[in-house]
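These are the structures in question, set out in turn.
Both complexes below contain subunit A, partnered by subunit B and then by subunit C.
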Partner chain A sequence: MLFDIQTTISLAACVGAGLCIGLGAIGAALGEGYTAGLANEALCQNTEQSGDILKNMLVGQAIAESAAIFALVIAVLLLFMDMSSNTYLTAAALAGAGISMGFGAIGSGIGSGFPGGQCCLGISRQPSVASKLTTNMLIGSAVCQTPAIFSMVVALMLMFMDFGNMPLLPAWAALLGAGFSTGLAAIGSGIGGGLAAGESCSGISRNPETLGQITTTMLVGQAVSQTPSIFGLLVSFILMFKTFPETSSIAMAMALLSAGICMGFGGIGPGIGNGLTAQGAVKWVSRNVEAAGELTRTMLVGQAVSQSTAIYAMVISLVLIFVM
Partner chain B sequence: MENFTELLQLKILLGGMDLRFNIETILMTWIVMAVLIIFAFLATRKIDFIPNPFQVVGELIVTAMYDLTKDALDEELGKKYFPLICTLFLFLILCNWLGAIPTLVEPTKDLNTPLALGIMGFVIAHYSGIKAKGFKKYLKEYMEPVFFMAPLNIIGELAKVVSISFRLFGNIMGGAIIILVVSHLIYSLILPPVLVAFFSLFIGTIQAFVFTMLTLVYISVQVK
Partner chain C sequence: MEIGGPDIIKAAAFLGAGIAMGLGAIGPGVGEGFVGGKACEAIGKKPEEAGLLTRTMLVGQAVSESTGIYSLVVALLLLFVV
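And then the complex of A and B:
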């Protein structure tokens, strides 16, 4: 090793903190900008509701911000925590924690912007249902945060769990891979969940009587959009909790690292795709509520097919972990 | 701080098998069941035209869940599966809320509970699918679009169990870990009750509903 243990750990903590808040700031800013943009449009259409729209915009932006705040918390912890255990593995775990939270905050930040913006537009269109719209937006964007919460959980586990008795050589790659897996897979799920939530706010403002069915369809659609990030979480858990035999070859370590990266990238597309399906289903439930049951079933079958690519990625990463 | 992965376990060696029971989870599940049974007893004890408060709450829940079941399935099948769906929802929501009370923990924080319920839903969905369509037509669905996709279709079905149970587990466990870490860092000042309200009550309610709805639509996809 090039450096002594303490230097390596603080180096990894600094790199992790930088990646964490640097990447984590991307999504929230985009989402908030989208919300504010649509709030301007809403104000222009209905100037009388300016107070409500402004309040709603700020609430929506505050929720989109929470993903970036998660990243900030992890970054501050990485910089200022006293790390009790000091092995080279701690360094890998800290870098993994930063990567997980940094990538994980992107999707939820962007996603939470959609319901906020659509809710402002909805209030300008249909001021009488403003409070119902706000409630629906709060539920939708809170569910959007789930992938970011998964990333934060993986980050906190990487930081606080004791990996002391694991062999260094394959385990460092496993811990880094655990960070990549949940972090990258959370991007798609966050955006996808946001698409469904945004369309539901728009749908309620068009047809307020369908509130119950729209919220139900939105929640089911969002839940299925999150499946890729759950696969990411599963692969991360396996990478963190499985004990690997010590090897001197680099091949095992690389297999574990690529298992995480494979699941991570593989989860981005299906997450967004499932979100698009859910968006379509929510949109048409609001226009033809009698077909709600049929639409939900079609949505689920379509999502299952679009999800199959995430399943391919999961199969390959499990093969990389258990067979290679 | 490292103790969130430790569990109180009872180990029994029976005929070469190493059986382990998570005492805490079992105890908390019993508490939930006791609360549910007492509530059901109070709600149905004196059913009257002028209802008592428990009956009002009971009727509200039952009608809301019945409408959902009826929408997803149809009138006849809805009546058949409604007791399962309603019980599942009530059980899960109480499980998730239990963590808001100090010293009690959510049974759903232990992966075994969501996994067991997920497998239950999977078995019920596929059993009703076979019953509704017949075994041949059920098998044929795995061969779509082409026959060699069958292994991936089977993995896709199994992945549903993984996703439904890890979704509940990840949310509840994640909330618990975040509450633990944040409370530790700020010496339990002011913030923990807010976090408990958000994670246990709000997210807990949403996730209980999502789990129930997914079980329902999985059944509905299989029978239609």
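And then the complex of A and C:
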């Protein structure tokens, strides 16, 4: 090994902290910018509602910000916590924690921006339903934050779990893979959930009588959009808690790292895709509420097919973990 | 740490399999979701054509799925054949 254990751990903590807040700041900034942009558009259409729109913009941005705040907290913990340990595994775990939280905050930040912005536009269009719109926005953006919370849970577990009795080879790759799996898979689910939530705010402002059906369809669509991030969380947990036999083979280590990367990237597309399907369904539930049943059915069929690629990725991940 | 030739090839094959299936899943996932969304919009406009639209959606998604299946096949080849 190149450095002694303490130096390696400090190196990993610094790199992890940088990745964590660097990547983690991307999403929230984009989401908040989108919200502010649509708030300006809304103000220009209806200046009398400026107070409501501004208040709503700030609330929406605050929720989008929370993903970046999670990343900031993890980065500060990585920098200032006492990480004395007697194993190189701690270094892998800290780098994994930074990767998990950094990637994991991107999707939720972008996703939460959609409902915030569409809610501002909705208030300018239908000031009478402003409070219902804000409630719907809050529900929708809260669901968007779940993937970031999954990432934070994995990051905290990686930082505080005791890995003392695990064999260094191949467990270092498993811990790094656990970070990639939840972090990357969270990107898609965050954006997907946001697409559905944004369209529901727009739909409620067009047709406030259909509020109940719109919120229901949005929640069903968002729930399905979250599944890829749950697959990612599952693979992370397996990688963290399964005990792997000690081996000097680099192939075994790469299989575990690869399992995390596979499930992580594999979750991005289906998460966004499920959100696009939910967006279409929510949009037309608000315009043609008689077809709500047909639309929900089609949405679920479409999402199930879109989900299949996440399932392929999970199968390959599980083969890499359990068969190889 | 000694790393043998066959071991490093296996390691690269495993890493390649994960990257192939992981990145390969992004496109079909987004594409199929897009088809699903547009199908929902079309059914909203013309609910009486729901059967035809669902059929077209599924055919379109199946074609979009093919690249995901290519990735799956390549990943399995890397895992079990190489």
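Here is the rule we go by: the second predicted complex is superposed on the first by the 321 of 324 C-alpha atoms of A that agree within 3 Å, B and C clash if a C-alpha of one lies under 4 Å from a C-alpha of the other, contacts with A are read in each partner's own complex, and residues count from 1 in each chain.
One rule holds in what follows: a contact is a pair of C-beta atoms (placed from the backbone, for glycine too) under 8 Å apart; a residue touches a chain by one contact, two chains touch by 3 or more.
Owing to the predicted nature of the structure, the values given are computational and were not obtained by experimental measurement.
K.L.:
Check the residue A:234 against both partner chains and state whether it touches subunit B (first), subunit C (second), both, or neither.
P.N.:
In the superposition, A:234 touches subunit B alone.
K.L.:
Thinking of the overlay built on chain A, is A:157 touched by subunit B (first), by subunit C (second), by both, or by neither?
P.N.:
first
K.L.:
More residues of subunit A are touched by which partner: subunit B or subunit C?
P.N.:
C
K.L.:
So, does A:216 touch the first partner subunit B, the second partner subunit C, both, or neither?
P.N.:
In the superposition, A:216 contacts subunit B only.
K.L.:
By the touch definition at the top of the document, which applies to A:74: first (subunit B), second (subunit C), both, or neither?
P.N.:
Neither partner.
K.L.:
Counting only touches as set out at the top, which of subunit B and subunit C does A:174 meet: first, second, both, neither?
P.N.:
neither
K.L.:
Of the partners subunit B and subunit C, which touch A:250 in the superposed model: first, second, both, neither?
P.N.:
Once the two structures are laid over each other on A, A:250 reaches subunit C alone.
K.L.:
Given the touch rule stated above, what does A:143 touch, subunit B (first), subunit C (second), both, or neither?
P.N.:
first
K.L.:
Could you tell me if A:63 is touching subunit B, subunit C, both of them or neither one (first, second, both, neither)?
P.N.:
In the superposition, A:63 contacts neither subunit B nor subunit C.
K.L.:
If you stack the two complexes on chain A, which partner ends up touching A:303: first (subunit B), second (subunit C), both, or neither?
P.N.:
Second partner only.
K.L.:
Which residues of subunit A are in contact with subunit B in one complex and with subunit C in the other?
P.N.:
Subunit A residues touching both partners: 301, 307-308, 312, 315.
K.L.:
Tell me, which parts of subunit C touch subunit A in their complex?
P.N.:
Against subunit A, subunit C makes touches at 1-3, 7-8, 10-19, 21-41, 43-45, 47, 50, 53-54, 57-58, 61-62, 65, 68-69, 71-72, 75-76, 79.
K.L.:
Which residues of subunit A touch subunit C once you look at their complex with the stated criterion?
P.N.:
184, 188, 192, 228, 248-251, 253-255, 257-281, 283-285, 287-288, 290-291, 294-295, 298-299, 301-303, 305-310, 312-313, 315-317, 319-320, 323-324
K.L.:
Hey, which residues of subunit A end up touching subunit B in the complex?
P.N.:
77, 139, 142-143, 146, 149-150, 152-153, 156-157, 160-162, 212-213, 216, 219-220, 223-224, 226-227, 230-231, 233-234, 292-293, 296-297, 300-301, 304, 307-308, 311-312, 314-315
K.L.:
Which bits of subunit B are touching subunit A when the two form their complex?
P.N.:
The touching residues are 1-2, 5, 67-68, 71-73, 152, 155-156, 159-160, 162-163, 166-167, 170-171, 173-175, 177-178, 181, 185, 198, 202-203, 206, 209-210, 213-214, 217-218, 220-221, 224.
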